[in-house]
Each structure stands twice: as C-alpha cells, then as structure tokens.
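Input: structures, listed below.
Next come two complexes built around chain A: one with chain B, the other with chain C.
For the complex of A and B:
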C-alpha cells in the first residue's frame, strides 16, 4: 500500500530513502498543480525552478532525516537563486532566514524526542513558513521573484515547512507530546493571523498584499494544527479531528487560490508595468478573463461562503469553540480570546480582498498604463484556469475532499473523530441560484420596461474639470485612503511606530544593532597595536594555565 | 642529596627574585644589571647541576650562559644604551605597583598549575619547574607592560633564562636543545639590534608609542 524506495546516492553506506504515506501523498498532491501552473506561467525553461520543485518533492517524500534536510536545503538554495533574480536586498534577508532555519532544523532532527527538539523544529520550520515573529522576510522576499516562482513559494514552500512541523509534531516526536506544544503553535499562529491580515489590509502593493495574506493563512493553518496537537495530547477526539480537518483543508485550499492570485499579479505587472494598487484601476475592462479568475481567487482569500476558503475557516472556528470548552481556566480564556482574534482576522482578510479587487480591477483606470492594459498571455491564463477549476470542487464539495483527507487524519491522530461537515455549499449554491433565477425572471416579467433618466450619482468622483468630461479618475478613493480608517483604528495599536512591522522593529532592528556592535569590537581587535596583541596572547596563556591548574587541582 | 636540591632551590629562588625585581625597575641600566646578575646565578646553577648529576653537557650549558648571557649580551645592551643616550630613560606603561601585583598573581598561577599537574613526577624537581614557569611568565609580563623596545628585549631574554632554568633542572634534557636555544637568542638579539637602529633612524626614539600612534592613524 505504501511504497518505499531506496536511492543509491547520498550518505556513504546509507543512501537516501523515500517513503510515500498518506501525508506525503497529500502534500505532493497539493504541490503538483502549483508546479504545473508555475511552469505554464513562464518558468518552464528555468533549470533552477525545476531544482526548486525537485527539492520540495524530495523533502515531502523523504523517509529519513538526511533526505528531508537535503531536500529542504535544496529548496532553500534554489529559491534563493530565484529571489535573487528579482532583487538583491530581499534575497539577502531571505538567505539569512534560511540559514537560521537550517541551523535550527539540522540539530533538531538528530535530537531525542522531547521539548527541545520540538521547539527547534517550530523555530526552524516556522521561520521558513513565515510564522510570527519570524515572518518579517516573507512580505519582502515572496514578491521579489518572477510570478511563477512567487506562486510556488507562497503556495508550496510554506506548505513544505508546515509539512515538516506536522511530520515531527504528530509522527516523529509523538511519544513525547504534551498539551503545551499545541499552545505554542496556537500562540504563534494567532499572532501571524493578526499581523498578516492587518498588513494585507494596509500594504499598497499587490504582491506584498498577497504575501501578507500568506502569513495570515499560514497562521490559520498553524492554529488548526496547534488545536489538533493539544487535542491529541489530551486525548480529546473531537478537538484533534476538527483541528486537523481545518488545517489540512486550509492547506489544500490555500495551495490552489494563492498561486492563482500570484500568477495573476504577475500578469498585471506584465500588462500594466506596475503592481502598485494606486496605479491600477478598472482592469476588468481591459483583461476580463484575468479579472474573473482573480475574483475567484479573492473570494478564496477572503473566506467568503461558497468560496474555497470558507469551509476550513468554518471548521477552524468549530475547533476553537471545542477547545474553548475544555481544559483549565487559563486555556478557556485563551481560546475564547483566540476566537476574537480569528474573527478580527477574517474581517481584515475580507477587507483586504475587497480592497485588492475593488481598487485594482473595478472603478476607473488611474493611469494611462492601466487604461491601456491588454488581456493576459495565454500560458499564465491557462495555469490560472487550471488552479481555478480545481478550486471549484474544494469550494462546492468540501465534504468529499474531507473524506479523502480522512486517512491522513487517522495516520496523524489515530483516535481522532472526523464528523461529517455541517455545511453543504452545493445545495446552498443551488438554492442561491434558484433565488437569483427567480428574481431575474420576476424582473423580466414585472419589471418596468423602457429607460428612465436619473441624475448621475457622483459618489467617488470629484467635480469634473472641463477637460475631463467623464470625471477625474484620480479622484476615486485610493488604496491608501481605503486602508486609512483600519490603519488608524487597529494599526496604531498593533504596528510599531511609523507603521513598521513589529517583528522588524523589535526583532530585526535590535539584531542589526547587535551586529554593528560586534563588528566594531572585531574592528577594534583588528586595529590593536603590537603590544596589545601581545597582551591578548599573554592573557589567553594565563587563562589556559589557570584552567589547567584549577581543573587538575579539583 | 639534600644539599643538591636545597642549593638548586636557593639559586632558583634567587633567579625568581631577580626576575621579580626586573619588573620593578624603571631604569634601563638597572634592568641590564639585574639581568646580568640573573644570568650569573643561572650559570652557577647550571654548574651545580652538572656537578650533582655528573653531566658534562651541563657544564657546557653553564659556560655558554656565562659567556653569552652574563658577559656578551649585557655589554651589547650597555653599548646600545650609551649610543642612544638612554641612561636616564625612565618609562613604564603601567604603574609599578600594579605590575608587581600582577607578577605576584602570575607566580600564584605558576604554582597552581605546576604542583597539581606534575604529581606523578619526581617530587623535588616540581618546585624547580614552578620557579622556572614563574620566571617565564614574569618575563612575558615585562614584555607586555613596557613601552621601550629595549626593555621588551630584556623581558624576552629573561623569559629565555626561565626556559634554561627549567631545562637544567630536568635530568636527561638533550644538550642540543639548550645549545640551539642559546644560539637562537644570540641571533634574535642581533636582529633586534639592527631593528632598533632602524627605528631610531626613523623616529629618533625607542619609545614605541609613537610607532603605535602612526600605525593607528595609518589604518
């Protein structure tokens, strides 16, 4: 049933081993459409892209720690080269994070099962997945490379990192698992949800908005995983089942609509020349097919009912409610607060999706380039259509997808209960379609015939100057203006002064200061005079002698 | 037997005290004199060990020490002092009391290291080794605390005295090693003498703080 392979390369005398179980197959299945779509979006001839995909596949199918790390680092190195094609500064930030993550993961996989190994895994893989507070690199590095790569990084690479967390937290380290491990994941996930959703609402650049939204979705998946891990450790079948259902279904859905949106953003860049939201507008007229596909993706991103993102969000809230009813008083208060955080996150995600589509694709073009945009190229459109078509069953038949996920859930948590989903979007969609059709028919039958003249609603447009008979497009609400109320209401409290990401202001900046201080110290040592160097050597000698004497004496 | 070790210890102790007073001296002429005394005692110690151990090699070591270190090098050093007109030169980078305290600490370190880590060795040579290590460390301290190039050289030579003291206390140390060390010291002295003249040509002084200042600015 579960095939294994041995590769005769790798560590001497050991080789590398591949093993495909239900979990690996699920994540490989998530990965495959993205790779196809990315290749269709213009990355087909790039060797680095295929190495990147190969590294992810190797990490997912690995049966031993060496193969896992090898694939993971192959993926990091290849994606670094790909980010470097876009821009240098984010690539440097990215490679720094990748090295940090490797420095945590490599010792962790060889440690005995215990809290230290778990924390190192969460730090290493979490930094790669963009979990707060190590998410600062993601909104910078994901938008930098070409669209096909951005899509695969955002949809696939973070999934590989999450796969590592799942594999170790639920399978490898399972004998030592404790409830607070789940609490760690929930806390990191909740912070990611809040900060990612808020920044997605406030950022002014299309691809950065998408990257911030990825931070939010990674946070949601991690919250689901954390609840499930806690439930598994406490032997709570409902919590474990619901949490895993939510997390895995979210991973599936996010792996479809986020690459779609990223490829679409790349096409916007290709057609208009910029992805700054304030320079776009009215793109549905010039690129109707792209607009339709982006609308589908935005519906997924906002977790609207009938979209692919709704069912997992629904399950996640159920899991959080189930978790809020179990455990001690602190856990109950914490999970109730988590519900509020999830609600704020969902509202902000909806706002971000509306802003993305409304400012970028509706209204009037704000620039000549946006007005002159032509329909996207055929290859990327086909890739997006593939992903969009795969979104449909996830959106309308989530129960069927959950049935497919059941073996994975049982592999991860054998005691988990997987109740059928209490949400049937297909029948809802049919009902909504019936109502809409009836309304349309009634309108046709009883509606007023002929045309009526009314005064134009001038909302959103200033008084037109004489040379612009149809109004001034620049007088529409801008992306910045749209986000301003949220920025004032929530952003001031959550973001660092000046609107910077708190992780950058309170983690990255102190690290940078520390680095500068270290460099100054090293420079002072380098500039020491001969006598000072002699004194260093002498002092070192005396210290060693003292250590020898004290060590022998005791 | 008892007399052998007590005399050897006495001479080692004198060498240590001389090395310590080297640290306290601020005048070059006095430092050279102390160094010369140290070398004399060292050669006497070598002769005594040669007599006690019935080793001809040690007599040779004593002769070399007497000839080179007790006679030739002090003459050379005094010549340099005269040439550079540094008879009255007084300097120290560190207050004398401070360097004395450091020196006492270093002797403590040496005793702390040698006595426990050589428990298995012959009991009475251990004290000799501790004294020799103290002399070496004191010489290094002189090298690091003085700013004058000549004072640093005297510190280096005193360090070498400590090495020879360790070597003669150890039965079975090959003579070639001592001989080559002595030759090396002579060569180093010649090379450093040439350097001193070059430094003097450029800076009109042997105080290396000027050199350090230039080095700092140059980078």
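For the complex of A and C:
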C-alpha cells in the first residue's frame, strides 16, 4: 500500500528515493488545493512558481535525507526568487534565514538520533516555519511576493517545514524521544501564538496581518505537536491522540483558509491599489463576492464555531486540559499558563479578524479608490471559491476528516487513542436552524416588514455635506485606532519598546550590532601598517614559544 | 428506553421554551430590583416584553453607509446565543443537548455572538460603533483567558468539561467548599459581569455615554434589528446566570428522565435565578463603573485568580486518581 520510487538522478551511486506513506500523502493533499488556487490566482505562467511547488512536493515525498534536503532547498531558493520579485529588502532577510535553516538542517539529518539532532531540526525547520523566536522574517517576507505565491508560502511552505519537524520528531528520532522535547515545542509554540496573535491585531497592512496570523497558527499547530510528543514519550495515549488530532486538523484547515485570505488580499490590492487597512473601507459593497469569501476565511482565522478553524481549536484546548491533568507540578502549572495564553491568543485572533473585516470591508470608504473598487477578477475568485468550498466539509464534518487522519496518527504514535469528537457542528447548525425558522415565522407574523434606507444617525451628526459623498473619512474608526488600546494594554508588556517585535529587538538587532563590530575589527586589521603587522607576528611568536616552553618545563 | 428519550426531549423543549420565554422577565426583574434598591418605584417586571413588542411594531431603518450584511449581524448574534442557551442546563440535567454542552463550544458561541455584535458596530462607520467594538475586543482578550483557566479547574475537579457533567459531578460528588472553587467563582463572576455588560465594566442603562460599550454598537440599529440585539442581551444574561447557577449551585437540579423531580427543579431554578438577580441588583447599586483602562486590570486579576485556583488544586493534589 505504500509505493516507493527511485529516481536515477541525485547523489552518484545512490540516486534519489521517493516514498509515499500516510503522512506524506496527507501533506501532499494539503498542498494540492493551494497550488491549484495559486495557479488560478495568476501564477500559472511563472516557471519559478512551479519549481517552488515541485520543491515542496519533493520534500514531502522524500524517502532519504538527501532528497528531503534537496527538495527543501529547492523550495527555499525558488521562493527567494519569488520574494525578490516583490521586494528586495525582505528578500535579503529571507535568504539569510533560509541559509541559517539549511545550516541547521543539513548536519541534523545526518546526526545519530538524540537531543542534538532534535534541537537542530527544531531550529532549522522552525526558522522556516516561523516559530518564535525565529519568526521575525515571516511578517516581512510573506506579504512581499504576488498573492498566489504569498498564499502558497503561508499555507504550504510553513506546512512543509512543520512536516519536517513531525517526520523527525515522531518517526526518525522516535527511539530517542524524551518528554522534554514536547516541552520545547510547546514553549516555542506558545510564544508564537502570543506574539503572532498580538501582532496580527496591531499591524496596519492586510497582508502583514495575515502573515502574523500565520505565525500564530504555526504556533498553535506546534503546541498540539508538542503535547502529542510529550504524551507519546510519557506513554499517555489520550494526550498523544488529542494533540496529533488538533495539530493535523489545524494544518488541514489552515491550509485552506489562509491561502484564501491571501489571494483575497491580492485582489484587494488589484482593485484598490493598496492593502493598508486605513485606506480601505466599505469594500463589501463594491466587491460582494470577494467580501463574502473573505468573511468565510476570517471566520476560519478567528476559530469561530461552525467555521473551519473551530474543531482544531476545540481539540487543542482539550489536549491542553488533558496535559494539565498529568505530569509533575511544574509542568501542570506550565500547562495552566498555556491555557491562559491560548485563551488570550484566541480572543486576539477574533479581534484581528473582526478588525480585518470590519475596518477593511465594512463601514464607509476611506479613499476614492476604495469607493470605486470593482469586483475581483474571475480567476482568483474561482481559486478562492475552490478553497472556500473545501472549507465546508472541514467546518461541518470535522469528525469525518478526523477519521481520514486516523491512519496518519497511528503511524506517528501507534499507541494513540482517538476518541470521537465531542463538538458536533451539524447538530449546532440544526438547533440554530430550528430557532431561525421559529424566529422568522414570528417576525413575519407579528412584525413590520421591509427596511428603509436613511442617512446614518451617527450620534446625531446627521448627513455629511454633499462634497463628502461618504462622510468625513477621518471621522470613522481606523485600523490604527482600533488596535491602539490593545497595544497599550498588553503590547507594552510583550513587545519591545516602540512596538517592535521582541525577536527583532532582542535577537536581530544585537546580531546586527555584532556584525557591524566584526566588520570594523576586520577593517582595522586590514588597514594595519607594516610595523603593526610585524609586531603582531612577533608577539604571536613570543607567546607561542612561551607557551611551548612553559609546557615543556612543567 | 423510548420513554426516557421522550422525557428528555420534553425536558429539553421545556428548558428551551422557559429560557427563550423568560429571558426578558429576568432582565425586567433585575432592573426593577435595581430601581427598588435605589428607592425608586421602577418599571413593572414585564416592561422588557412591552419594549420588545414596541420594537416589533416599529419600522426598521438601515443607514445608507451600511453594507448589505447590516441585518445579518443581529441574526447571527441572536442565533449563536440561542444555541448556547439551549446547551446550558437550567432546571434539569440530562437534557438531549447535554453531550453538546462542552464549555469550549459555549465559549466559542459566546465569541461568535460577540464578533457579530462588533461587526454590526463597525457597519455604519460611525465613531461610537467603532469605539464600542474596540472596547469589546479589549475586554474579550482578558475575559477569554480567564475563562479558560477557570474551565481547567472545573475540568480537573469534575473530570469532564461539559456543563452538564460538571453540574452532575458537583451535585453528586462530595467536592466540599474549597479555596480553589472560591477563586474560580470570583473569576467567573468578573468575566460574567463583563460579558453581560453590567456594572462595573459597562452600564446597561446608560445611553450615549462616552464610555459605553454594548450600547455603542447598537446605536445605528432600529426596529426588528434592535429587537434582536436587545433580546440577545437578555438571553446572554439568562445564559450566564444559568451557567453560574448550574456550576456553583447545582443542588436540587432535576433529572430529565425522572418527571417527578421536575417541579422541584423548576422551583429551585426560579429561586436561584431570583436570588442571583437580587444579588446582581444590589451589587450594581453599590458599585460604580470603572474607567475603560481599569477593566483589563480587573479581568487580569480574574485570570490570576483562575490560575491560582488551578495551582491550589495541584498543590493540594486532590486531582488525579
């Protein structure tokens, strides 16, 4: 049932081997609709795009370490070219992170199974997936390329990186696994959730908001994986099962609604000319189809019930509750804090989604371009509709999707228990339908029908003057103003001074200072006079002889 | 077997009918008791029904700056709350909806209702609506975190997180009075007061205050839409009171399969709701509304109390086994 292929290219004497097991098939399945949607969104004729997709496919189907690394680096290089096409500055940051990631991954895959290999894998693949604290490049690089590529980077590339973590943590390095490995993943994931959700709430640019939300969702998936890894190492069947169910279902759902949102953001850019939230407004009037699809995506992004994102969130919270019920007291307190973090993250994600849709698509237009925006082009809209249609089974029949995931879960953790899902969206929908029917009948029977359109009351300000057809754009809530109070209430504690990302302020900035200092030192050495150089050589000789003599003497 | 199912169905229908029918009465009781406590005569208990009926007969206006989704938000909000109200047990445990009554589902439905109201507030692009929406978003961040840690505490004590299971476990097992549950109660009361928009975080009787939250998002709504939004607020209050009642005062709850226990359960439910309404009225009269930026601190304390409740449980090692 598990087909293997050998390709007659690659390392001399070895070639490259492909092998499709349940895990690879699942991730290829996650990838496929995004590639189709990305191609429909206007990337069909780009060779680099197809190389990018090929690299991801190769990494997912790889049977040996060389093929995996080859596919992974092909993916990195092709996506770098695509980012470069959009913007040069993030491309440099991106390629730097990609090199760091390769420098961690290449030794890791050839090391014997052990903690060092695991940590290198988490560093290398985590940097590619946008796991805190190595997520700083993601909100810069993901928005840069065209929308179809952004969609595939956010929905697909981070999944490939997560696939590498899953493949090594659960399969390849499994004999050496220890419970603290799960703890590392949970900690990194929780940090990503908090930072990603907070920045998604605070950023003012539509695509950057989506990229920050990707950081959050990668964090959520990683938390699920960490709980499962811990449960597997501690032989706790419930924890392992729930964690894996949550993580994999999240990967499936996120692979559908995030590309949808990114392609939609591209269409906003095409229609309005900008994706800055403070320049949009009222788009749902001009672009009703795009607006509805974006609403569906936002419902997934904020994990609303009856949306695609709720079932995995539900499972993840249950996994965290199960994890808090076992283990030592420090771990239990840690998982209690994790629940608080997940709650804050979920509410921030809800706020971010409301802000994205409420400021960008509802309200009054803030610019003439926003007022004149026309419906999105047919190709991208069809791609979004495809992804939106695939969201429906995930949203309404998560139990069926989980049944499909069971072979993957059993492959990763053979002892895992997968109890049936306690969240039944169909029953909730039936209840809502009954209430809606009764309410509609009552309103129809007793109420006054029809709706009259009038000027907005607007706190008594009345109608705007005729030269302001949409009212004063400055007198309506802005994206910046919407986020400011939250930035004030929790941003101060979590972000670096000035609202910068902590990873940038405390990791990237010191590295840059170190680099500058190193360059200055090298420059000083280069500019040394002949006397200084001779003195240096002489001093080195004296020190060497002294050391030798002292070593002989003792 | 069939009889049990039939009885459970009947109990569920009765619960839904009482919840939907009496939610306005509960709101009326609270306002009237509040007026009494202030020394005023106050409106009749049935005043909310009259208000709702008045709105039913009024024309529905939509601002010209609003989108075509303007009337969808009140419907979404009221539906989410109605489903949640059917899940939370009231007078009886073992309703047909009991397996669905997972606290996380209820949390999600409350979040859905909140999101719908916020989007409604942003519809017309007026300043008040936006201000209400950001305040709601700010409060939600802390409230949800606090609620999840409290939920963990219940889950550890009752070994389940369905409201029905918690109510059953707390009613039958000997849990006793513990510091943890006290902290959890304080935390959930703080969250409940915020979610239902009561003093000290929001003033339900304040129209056109600068610091209003819930009312600010409804300003552009009228007629049928306003009816739905106001009814949603009433449902939310009844839901939170039933929720807190069935977790912290689960004694005397009827069992759906045993019809003879229903009258006692109904009576006790009415008494519990009445007592909570009186307590809420007295509390509201005796405390003042907070500044907006004090609310995160208030809810942050709730979150810490919830965490402390969990930690005390771990230390006391009453869990496990």
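Heads up, the rule we're going with is that the second predicted complex is superposed on the first by the 511 of 554 C-alpha atoms of A that agree within 3 Å, B and C clash if a C-alpha of one lies under 4 Å from a C-alpha of the other, contacts with A are read in each partner's own complex, and residues count from 1 in each chain.
Methods note: contacts are C-beta pairs under 8 Å (C-beta built on N, C-alpha and C of every residue); 3 or more make two chains touch, one makes a residue touch a chain.
Keep in mind that what you see is a predicted model, and the values were worked out from it rather than measured.
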item	value
First, second, both or neither for A:535, with chain B first and chain C second	first
Which superposed partner A:25 touches (first chain B, second chain C, both, neither)	neither
Which of chain B and chain C A:505 touches, first, second, both or neither	neither
Residue contacts with chain A in the superposition, chain B compared against chain C	C
Partner chain(s) touched by A:527 [first = chain B, second = chain C, both, neither]	first
First, second, both or neither for A:546, with chain B first and chain C second	first
First, second, both or neither for A:113, with chain B first and chain C second	neither
Parts of chain C lying in touch with chain A, wherever the complex brings them together	56-69, 71, 75, 78-80, 82-83, 86, 97, 99-100, 102, 104-105, 108-109, 111-112, 114-115, 118-119, 121-131, 133-135, 137-138, 140-149, 151-152, 155-156, 161-162, 208, 219-220, 223-224, 227, 292-293, 296, 303, 306-307, 310-311, 314-315, 319-320
Of chain A, residues touching chain C in the complex	201, 281-282, 284-285, 288, 291, 295, 302-306, 310, 313-314, 317-318, 320-321, 324-326, 329, 332-333, 336-337, 339-344, 346-348, 350-351, 353-355, 357-359, 361-364, 422-424, 427-428, 431-432, 435-436, 439, 443, 446-448, 450-459, 461, 470-471, 475-477, 481-483, 485-486, 488-490
Footprint of chain A on chain B - complex, ascending	93, 106, 109-110, 112-114, 116-117, 137, 140-141, 143-144, 147, 208, 212, 215-216, 219
Residues of chain A that touch chain B when the two form their complex	527, 529-531, 534-535, 538, 541-542, 545-546, 548-550, 552-553
